[in-house]
Amino acid sequence: MSELEKSSDNIYSLNRNEDNNEMIVKPKKDFFIKGVLIFGCLFFLFSLYELNIDYSNLLEGTVAFFIMLGDMFPPNISEWAYVLPAAIESLQVAILGTVIAVVISLVLAFLAAENLAPNKWVARIVKSFATLMRVIPTIIWALIFIVAVGLGPLPGVLAIAVHSLGMLIKVFAQSVEEMDGGKIEALKASGAGSVQIIAQGVIPTVLTALMAWTILRLEIDIGESTILGLVGAGGIGWELMRAMRSYDFNTALFITMVIFVMIFSVEMLSNRLKLKV
Amino acid sequence: MEPILKIENLDKVYPDGTVALSNINFNVYPGEFVVVIGPSGAGKSTLLRCMNRLVEPTNGNVIFKDKKINKANSKQVKQIRREIGMVFQNFNLIDRLTVLNNVLHGRLGYTNTIKGSLGIFSKKDITEAEEILARVGLSKQKYKRADELSGGQMQRVGISRALSQRPRLILADEPIASLDPASSKNIMDHIYNICTEDKITAIVNLHQVEVAIKYATRIIGIQNGEVIFDGQPSQLTDKVIDEIYHDRRPPLVHAQ
Amino acid sequence: ACGDDANASEGDNGDGWPDKISYGVLPGEEDTEISRAHDLFAEDMSEELGIEVELFQGEDYNAVIEAMRSKKLDMASFGPFSYIIAQERSNAVPIAVRAKSEEDATYNSWIVVPDESDAETVEDLKDKTILFADPASTSGHLFPRGMFIDELGITNDEIESYFSSVSFSGSHDNSILAIAAGDADAAGVCSTCVERAIEGGMVSESDFRIIKESDPIPSSPITYRGDLPESLVEAIKEFVYNYDNETYFEKAGDSESRYIPVDESDYDIIRNTAKNLDMSPEDLLSN
Amino acid sequence: MHNKGKRVMELEEIRDIRQRKRVQTILITLLVVGLTIWSALGTDFSVYEVFSGLGLISNFVFIDLLPPDVSTSGSLLGAILETLYMGFVGMVVGAMIALVLSFLAAGTTTPHPIIQVVVRAFTSIIRNIPGLIWALILVASYGIGVTVGTLSLILGSVGFLTRVFADTLEEIDTGKIEALNATGSSYLQVLAQGVFPQFIPGFVAWSLYNLELNIRASTIIGMVGGGGIGFAIQKGIKLFQYKEVSMAIILVLVLILSTEFLTSKIRERII
Amino acid sequence: MEPILKIENLDKVYPDGTVALSNINFNVYPGEFVVVIGPSGAGKSTLLRCMNRLVEPTNGNVIFKDKKINKANSKQVKQIRREIGMVFQNFNLIDRLTVLNNVLHGRLGYTNTIKGSLGIFSKKDITEAEEILARVGLSKQKYKRADELSGGQMQRVGISRALSQRPRLILADEPIASLDPASSKNIMDHIYNICTEDKITAIVNLHQVEVAIKYATRIIGIQNGEVIFDGQPSQLTDKVIDEIYHDRRPPLVHAQ
């Protein structure tokens, strides 16, 4: 008993000692963050000034905006026989583009993740490559692929795939990098090879994140595929343009609603999956 | 008796210049239950991880069953690692997989790449994994996801994974540091009993001196990357302990 | 590689005809309507020629020109300006335009000002803000710019300094809307686009005034790719010139209209204007 | 005895659940594969065509697009700056609006579930209508130029940020909120002193990421009259000045990389 | 003496039908140090949380200083909560704020909404918070961020936050469950000493029976939502313990 007492006293004094050794750390004045904040505010004002937005027009425009919204009602569904197949085509373009991107990025992401890549440079190169793919607008990708495979949905699929690839590589690699390194080590320590480590250790761990990103990307891609209609890739984007050009706002609203429903159902799906995974 | 593991003049200097180990020499003989103690930052983890080359030694040799691990090529390293089970402080299980699947990961080193990647294991491996789970009292949990377990249960899965490698040597790096005292005792009992029954050699890093004294057949004390004690638990006097921890002796494991 | 491709798509029709013809349609800027009629046209042509005709509709003429250039597209309809580029870049040859008569096969470019503007002539626009539709628009950029140069006696490079600002709205619609709202002092727009916008209820005739009208601009041609087999071209021409499906022309905007033959020289006026503006295909494609 | 029987049942139950889950996984996989095949058929996908077109692609890229026309960089600089201004203003205004909305939209902080549903529905509409469509509508009502570009970027930012902010707020450790409740703090105090400090890293990180998104989005919005580098790109394409387009893309790349670099520095300091 | 807290016929049924508490009755008198023990899921946390209405009781009354908490409106609840400090198992500090700021959160209930929201506290509050920190040995850490502390230090901040409320009653829900044994002792000592010195009544949920015996002036044993023991630590025989935990008695806190 007395020994126990003694040791516990030790603990106490130990704690005291530890505390005494440390200096009071004064609250850090972080000039960096303050600087960034001030700079951000100034830059915001400067940007506003440079943009030279006409605020009086803002009010008028808003009135016009709501009048226009009002004009759009009720939606005109008489064109459904054209709109729905076009919507389906856009959906197909988005799905296939996303799937291709996911499959390829699953390979490349492991090369881009610094904790798994054979070396740092491979990771950096793959990542810069991914950035470039993201920065080139989908429309330009579409043009590039039209040269290769002609008009139609196919260049749309490819354009979406490449553009998505750029984002998915980045976010997949990030998820992999965020993974607890110990788990990888544990498999390594049991003599597993790198493919096995990825398949049995990394993928199960990051699966939820991958699925979330994939579905988010699908949402974006449905939106993108509507733009691609404009470059001859067909689909619902062209229908929308057609309606807008012929001032058929009621049909335009219907088309917008169809697009909304497509993207929204994917969002719902992702919410559902979040509960399940 | 031939040592199962020989450490010869082992040095480890991390790229940032930290000298984590300097000139470590000792042999471990089959059947020993070695506990490594030492203050935080002494180099315990580094030492253990050099043994299966999760950390690349800077100098010296680590010889496991007459094979120099530090000289082995990547294929040989994998083969050697198969025979060395490792147990981690924070378990390092793959959360979303079942307990059984996690245990079967111990067989990956023996399974061909494709099958292993797809998680296809032989009937025999599965039966064996189930037996191991029965041994650590987790039969009922085998289809649970690893992240549905309590800490103590997770560590038992960690041990099972190591066991399913049918290892000759088990390395455990603070296997009980993130467990509550009750689970700690349970885990140490399991490691100790299994190693004794199966004649597996064990090297365990521990912070808790009493626990070390209770289980070890031999204790190695490390400080500043050097072995400063190597002997029987009975030889570990308070003076020696004080020396190992300087006056940084970790608080004892008592609430009362 | 290109040659191989062309061969690859050739079927076993004795005359070296391809398996199918792909036909790309752009909405010409003077079109009164983007119609659903083209499906019908493609179907009828397919029946007549006995080979499949695949139809692509889009908004972006770069896509059509590039596809034709890499021989992924056999026929296309272009706007006047995009046609002269397509001729240069993709070897496009014009066949016909859709119109009621020869005279009707043209449209105009207008310079418009807001109704309340003081400007009566182009000279009055000095130091005012000018809006073009989009850089590649025939009637929304090329011709208005040409009119400024002719009327004001300045060079192409002086345009930017003559006016207080010169910018692009992106489309004829945007331009006429901006004029109606008084956001710009003048704009170059196509006559038919404005008429369409009035019909659509976007602007009213009293919102703007026309201060200058251009020479007639030939309208949008159907073209084929120059290296199609002679016999196929003949068959296509015969089909197009004799095409009289009332339903089609009705849907396309005017049941009275038919396809009227055109040839390259009909577009010389565009080429000349473009040349004056350093926007001829040679200038654009040289870099 | 009884006890044991019950436990065995449990084990089997768990196995059943596992098996059901496995069946579910297989079904989902089949569904995805099915959808993919359906899409491939619908879009006439052909690997052969893709690969046979590679030569044409390289022709186009290396002859038409490259090398970039450096001489135009001067005139493009104004456009890229305009894009930056638009993106930044869109981000700041969007983040401010989203900040308020997300507190209403997150289950953990909403004053009332009905408000939550309304705000969520509202932002979902904003988010799920593509930016291009917004731009088209906005151009028709506000005219052309940077106003519309900025407005559609604000809309896009509000849609995106409200969602991610709300998700971040919902991930906040409720125990900490409970701890403040237990001291007798009021709703606002709990938000300001308990929720907000935890929320800051997410707030900053997502806002900065949104800046990047905005810069990229403005290349599209510019095409329909929103101004900035997007319009320059569009103009280049239409006039077949592809080398100018590639120059513009390089400028966008530089801008994105520098924002990425800066934002990662800021993120490091704040988290 | 008047009881400070009366629990009368308290029931709690969760919306999913779980009966967490049924018909609980007891009084707590000023100065008592009550430890509640019981197996996992017995309802200990629910009981504690009913006391400051973080959980809404289904039936019965919780009367704190003659005020029925369960009948109070939201303003009154806040006033009552100000007088009841709470200490949590996982500390629940706001990570990114300083230690001092976290302690000052205990004053929010007394501060006007705007000032409190902006984190502006009176000079007096600050001095007092610093005194409390000095008491628990954290003076040097006051400007550190809460997430830079060790677990034991965090819990001391948790205690300080509760203390800065100048509470009459402290509720602590397994305050040492996520701490190592040494820090556990330290924390229990702090809670015990402070409550004794300041005459604060304490109700503490614990898993560790020995710890309970060591500190409690009174022990309440709960099982299946019912009080099955209420008495002095000395009355807590092994038989009673067995009964409380059935045969699910938690393993003792010994590694040796």
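By written order: A, B, C, D and E. Residues from 1 in each chain.
Everything that follows uses one rule, which is that contacts are C-beta pairs under 8 Å (C-beta built on N, C-alpha and C of every residue); 3 or more make two chains touch, one makes a residue touch a chain.
Protein names from UniProt, one per chain: A, D = Phosphonate transport system permease protein; B, E = Phosphonate transport system ATP-binding protein.
Just so you know, these numbers come straight off a predicted model, no measurement behind them.
Peer 1: Suppose you hop from chain B to any chain it touches, then on again the same way; how many hops at least until you reach chain C?
Peer 2: 2
Peer 1: Strictly by the touch rule at the top, which chains does chain A share as contacts with chain C?
Peer 2: Both-contact set = D.
Peer 1: Quick one: superpose chain B on chain E by CA and send over the rotation angle as a multiple of 5°.
Peer 2: Going from chain B to chain E via C-alpha fit gives 175 degrees.
Peer 1: Quick one: point me to the chain whose Cα centre is farthest from that of chain E.
Peer 2: C
Peer 1: Report which interface contains more C-beta contacts, comparing B-D against A-B.
Peer 2: By number of C-beta pairs in contact, A-B is the larger.
Peer 1: With chain centres taken as the means of their Cα atoms, state the distance from chain A to chain E in Å.
Peer 2: 44
Peer 1: Using mean C-alpha positions as chain centres, tell me how far chain C is from chain E in Å, no decimals.
Peer 2: Averaging C-alpha atoms per chain gives centres 80 Å apart.
Peer 1: Indicate the whole-number Å distance between the mean C-alpha point of chain B and the mean C-alpha point of chain E.
Peer 2: Inter-chain centre distance comes to 39 Å.
Peer 1: Report, in whole Å, the distance between the mean C-alpha point of chain A and the mean C-alpha point of chain D.
Peer 2: One centre to the other, that is 5 Å.
Peer 1: By the touch rule stated above, which residues of chain D touch at least two different other chains?
Peer 2: Expected reply: 56, 60, 140, 143, 223, 237.
Peer 1: Multi-chain contacts only, two chains or more: what residues does chain C have there?
Peer 2: 62, 66, 70, 173, 181, 183, 202, in rising order.
Peer 1: Of all the residues in chain E, which ones touch at least 2 other chains?
Peer 2: In chain E, residues 182, 185 touch at least two other chains, as defined above.
Peer 1: Per the contact definition, I'd like the list of chain A residues that touch chain B in the complex.
Peer 2: For this pair, the touching residues of chain A are 4, 7-8, 10-11, 14, 180, 182-183, 185-193, 195-196, 198-201, 204-205, 207-208.
Peer 1: Considering only the defined contacts, which chain D positions touch chain B in the complex?
Peer 2: 7, 10-11, 14-15, 17-18
Peer 1: Residues of chain B touching chain D in their complex?
Peer 2: Spelled out, the residues of chain B in touch with chain D are 98, 139-140, 143-144.
Peer 1: Which residues of chain D touch chain E in their complex?
Peer 2: 173, 175-176, 178-186, 188-189, 191-194, 197-198, 200-201
Peer 1: Flag every residue of chain A that touches chain D in the complex, lowest number first.
Peer 2: 30, 32-33, 36, 40, 43-44, 46-48, 50-54, 57-58, 61-62, 64-65, 67-69, 88-89, 91-93, 95-96, 99, 131-132, 134-140, 143-145, 147-149, 152-154, 156-158, 219, 223-224, 226-227, 237, 240, 244, 256, 259-260, 263-264, 267
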